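The next part holds the structures, each set out as structure tokens.
One chain, chain A, links the two complexes that follow: it is found with chain B in the first and with chain C in the second.
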Partner chain A sequence: MKVTTEQYRRVAAREMADEYTKSFLRLLPARLAERRKTAFTDFSDPAAARAAGAAIRAGALENLPQLLATFEKNAKAAGARVFWARDAAAANRYIVDTARENGISGVTKGKSMITEELGLNEALAENGIRAWETDLGEFITQLLACPPFHIVGPALNIPVARISEIFLEKGLISRPEHDPVQLGLAARRFLREKFRHLEMGITGVNLAVADSGTLINVENEGNIRLSKSRPRIQVAVMSLEKVVADMPDAMHLIRLLCRSCTGQQVSAYVSMDTGPRKDDEIDGPEQLHIVILDNGRTRIYEDPVTRQALRCIRCGACLNACPVYGQIGGYPYGWAYSGPMGQVLSPLLLGFARTRDLFSACTLCGKCRDVCPVGIDHPGLMLYYRNRDAVGDPDFRGTGAPRPEKAVYGAYAIIAGHPLLWRVFGAMARRAINCYARGNTIGKGPGVLKGWFALRDLPAPPSRSFRDQWKRRHPAPHAARPASGRKQP
Partner chain B sequence: MKPVSLFIPCIVDQWVPRVGMATADLLRHIGCSPFYRPEQTCCGQVLYNSGHVREARKLARRFIRIFENDAAIVSPSASCVHMVRRHYPVLFEGAPVWRRRAESLADRVFELCEFLVDHMAAADVGARFSGRAAYHESCSHRYGLNISDQPGRLLAAVEGLEIVDMEGADICCGFGGRFSVDYPDISGAMAADKAANFVASGADVLVLCEPGCLLNIGGYVSRNYPEKKVVHMAPFLVENLT
Partner chain C sequence: MSVSVRDQILVRLRQAPARAVAERPPVALPKETGLARDDRIEAFCARFAEQTGIVYHRDPARDIGETLAEICREHGIIRVISGFDSVLAASGLPDAAMGIPELEIRTQAGFADREEFAEAVFAWADAGLTGADYGVAESGSLVLAFDRNHARLLSLAPGAHIAVLPRDRVVGAYEQAMAELGGAREKPSQIAFVTGPSMTADIQGMPFKGMHGPGKIIVFLV
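Showing the complex of A and B:
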């Protein structure tokens, strides 16, 4: 899919002006967050359950190279073919070649963020291969050619009337239909035909289990199950951090994933497949191709600070918790990944030069960290990115803070380093801004403050700062200050 | 009389000094002896949050030198305390001596409500207010320092005060320091939601404990609901002492 991370501000402004998006955002994230909260209450100790999730993911990343080697060995022993893709181009080429060698002109896809990251649909289309998204939400966004609004529900925000329109246009229904159940049924009928003649299915992977070579997918619609079991050829695409040591680890992560994602104890379908169809089995693919994607993740892994970004299990809880996402929705983030998890991942995968807004447009409120089931410190990472960007770290394609900004912050540090300067500059700034005051209130201001004053006032600052007022009240500071000497409170 | 060193946030020093004065009055009222080190300026949070770590480290060293001999340091802001308690040790990861000094200081820096309730057992400061109040939980309190009960206990002890629930009390108001200047429309929309929830709660006054939120929510309310009041906990308690 097209990367539009540079257009964050423009798209955010557009979305905030959209009444429908606004009313939708007022309801949905809060409701999902509530469901999540309720679902966690059936853990005897929800905090411990999350801590265990964090430990499993951190442990898996510590042993990532070994776990991947074990996974590859076991997956191959079970009959799967494993392809290591250095980048998106390599992965797409492998998948296109596999389709071509087998004479395939159409594939179905299960919802997967990773194939959005690859731009796989576009790559297949360029090679004359038709890809059908089979997750209902993903199917709708595909027909509408719009990006996903939410990583869990890509078309959650699309009004029923708009879905009816596009279904009518594409011939799925013959007259306008405003019953969501009927629309779902129409999509189901349409997609069943695709499955019936399916030769090749492409899915993502939620978890890869090293010690058995098993691939696990979590879903609610059954379309992934069909994409995995129906066709002759199955391609599973996973980013390399998806691997965990064993089934007990995987089971705990599924408990956390389903609760964090949709507030379910477990999703309607959890499929676990090890290798292609065996001789004594009645279904499953003849060929199973596992594409393990790096696409810059080795670099993310090697930096001890950014490594934790790879813990993400794509539950979407951080989106529902984020107050900024709650205002702007998923489109401004400009790629497959939105909300805090996108603000943390996209800059690492795309470089800072084109993703600066993602890690700048954050109040550092920490609600995402509070709900994350695997212990990612999103605000901490964004602070790290801001620093790497300000110093122009080439590893992150940071460009360095612009010269005027550097000058301002440099001057601030010098002024704050000297109480006298601080006092003088403070008084000057207060006097300057007070030119705009009317009574006790300032309602407009110059330059960078224009945006603030478009919607808000500021109280007029007093002529005397705290330090000046204190000094007047306590004329002999040495008398009011005890001698140095450490005492514990 | 327990000596308490005042750590006055920049916003308070420059913009709302009465919050600082009220902090000192409140501490004095419960039997502490507050004092102010006039060499203090800024803890460096502004620089740190913008990625200017080298400059922030300079101010952190300065701050440590000024405060490190004080037994208890109290600030009417959780975000400033968060900077010193959580970020200072990280700033000196590669410098063991400074790191030790930062860690030692971190244990002695307290947010005002936390200090009153947890360390001075002074949840009831003896205030009276007849009216209804809602409480805005700042992110630095709730999600930064895990200070959630203490402000509630201070309010619950105010005689005659009816505390009303406010929808989304723990949702960010949209200040975020530079965020409010760089993304004023997103920030303003967040402040608008907060103010609307406040008004819908039916409270006469919105109490909060963070100077940044005070400017942001207060500024929005002053423009759009001038009859409503937004106040910081310290002046709210001090002005209503019996």
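Showing the complex of A and C:
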């Protein structure tokens, strides 16, 4: 999938001007957020349930190397083949080779963010292998070649007329159809043929359980179960942080995931594979390939601050809570991961140079952190990124703050460090700023400050500083007053 | 010899600085684990019905095959493919079903290979008939453990799924069902939790059942 994170501002401006997107965003995130809240009331203590989720994921990350080794051992013992991929190219090559060796020309795919991160569909297409997205929303976005709007429903915002058009064009229906259910059923008929005949299924992984070597997928439509049950070959792609210690941990995370995601107690299907089918079974994959993907995650792991980003279970709750997402929708984020989840992950995976706007476009309100079921501190991370970027940390491909900005803050540091300079500068600045005051507010500023004032007002500073006013009211010299333990202002 | 990608990754992860982890607060299992048997079954049925699942109870005064015939009649099911898993076999249903004249029944064991079987579940059958290893009251879920007598596609490819669930197999929470299954000598290659019919709301948020899997799910409590 094409990365367009650099175009964040342009796309955000476009989306904010789009009446259709706006009307849509007025409804969707609020509705999902409400459903999530209701669903959490099943827990006897919702806060403890989330804290436990955070502890499970944090604990799993602290034991990551051991858990991965155990998972691999158990998955292999059950008959799975495990391939470790350093990056997207290696993962794609392995999957393409597996398809080739088995004479595969078409595959069915379950919805997975990770294969979008890999650009797997494109890699398969380059090698003459057709990949069919089979999740309804993902299928529609694939036909329309547009990015996902929301992690839960990638095509939720697409008008029926447009779906009807593309289905007509691709021959799924023979006359225009504006009923969502009929459109869904047309997709069912079309994809059923693919499920029936294609011999390779590719899915992502929601959780991997170390102590049994089990892969878990969560879904509502049944397309993932079909992709794992009908074909002879199954490929499961997991990023290396997906592993947890045992089944009870996994069960608790599933409860959190489904409630946070769609407000369901549990999705229609949770399927758990331990190895390929047994020889005497009449369906299920004869080969199960597990691709464990790094693609920059060991580096994210090495920094104890960014490590927490790897806790994410992709529930999407943070999207629905975010006031910025609520204005611009999923397209501006420009990649597989949108909303606060994307603002946290994409900069780490793609480097700061291409993603600066993502972590800048955050008000630090913390609503994402409040709903995250695994305790990720998104605002804290974004502040950290801004800092790493400003100092030009090469680990993050930070470029450093622009020169004028550096000069301004450098000068400021000197002034703020010298009381006399500070007083003189303060008096001058006060007078200069107040030239722009209208009544008690300042609504615009000169030059580079214009942009800042475009969306904000500043209360006009009083004509005298606090220190001045204090001196006038208490003319006695400070030294003569009894020490109150208070520092000089 | 060069170091494998696997080892490079694991070494880097091992060398990364450790971080203290906050202690895990105790989380109680769902309240359904504390229910008495009959209440648990009732909770299961209520949740299952919330998801538009349909529940039938065995009437001890009637022949089990008769009830199956009635279920099929009510839902327009004629062609059925049946598994032969231990739960289903113990219920006596496969044999009883053979005696129902208006049904066309085939058993999974009767198929020579996976192609023939797949063709039948996709194109021939109205419904798949299987046992359910457990019912879970916390969410009204069925737990299906697949093996040579219980194919995965039976509950997935046909338009309807009929599952036989013994009343004493209804547990409170997932953990209880998974602990039982995990203790088995031979681990199933796949286990699925099934909660209601296949569904989607991907077009305009309009929900509908039967997206890729069955649009109808029926549980027969015995």
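One rule holds for everything that comes next: the second predicted complex is superposed on the first by the 408 of 489 C-alpha atoms of A that agree within 3 Å, B and C clash if a C-alpha of one lies under 4 Å from a C-alpha of the other, contacts with A are read in each partner's own complex, and residues count from 1 in each chain.
By definition in this document, a residue touches a chain if its C-beta (ideal position, glycine included) is under 8 Å from a C-beta of that chain, and two chains touch if they have at least 3 such contacts.
Predicted model only: the values in this text are computed from it and were never measured.
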item	value
Contacts of A:Pro419 with chain B and chain C, given as first, second, both or neither	first
Partner chain in contact with A:Ala13 - chain B first, chain C second, else both or neither	first
Contacts of A:Arg307 with chain B and chain C, given as first, second, both or neither	second
Chain B versus chain C as contact partner of A:Arg100, first or second or both or neither	neither
First, second, both or neither for A:Arg130, with chain B first and chain C second	neither
Common ground on chain A, meaning residues reached by chain C in one complex and by chain B in the other	none
Chain B - residues contacting chain A, complex	2-3, 8, 12-17, 20-21, 24, 33, 35-42, 44, 46-56, 58-59, 62, 69-72, 108, 110, 119, 139, 143-144, 170-172, 174-177, 179-193, 215-216, 218-220, 222-223
Chain A residues within the chain B interface of the complex	9, 12-13, 16, 323-324, 326-328, 360-367, 369-370, 383, 385-391, 401, 405, 409-410, 412-413, 415-419, 422, 426, 429-430, 441, 443, 448-452, 454-459, 461-462, 464-467, 469-471, 474, 477, 480-482, 484-489
Chain C-facing residues of chain A, complex	28, 31, 42-45, 48-49, 51-52, 54-56, 58-59, 62, 64-65, 68-69, 72, 78, 84-86, 90, 134-137, 140, 153-156, 158-160, 163, 180-181, 183-185, 188, 191-192, 195-196, 212, 220-223, 225-226, 228-230, 240, 247-248, 251-252, 254, 264-278, 280-284, 294, 298, 301-302, 304, 307
Chain C residues touching chain A - in the complex, by the definition given at the top	4-6, 8-10, 12-19, 21-28, 30-31, 47, 51, 108, 111, 113-114, 117-119, 122-123, 138-139, 141, 146-148, 151-153, 156-157, 173-175, 178-179, 182, 187-206, 208, 210-214
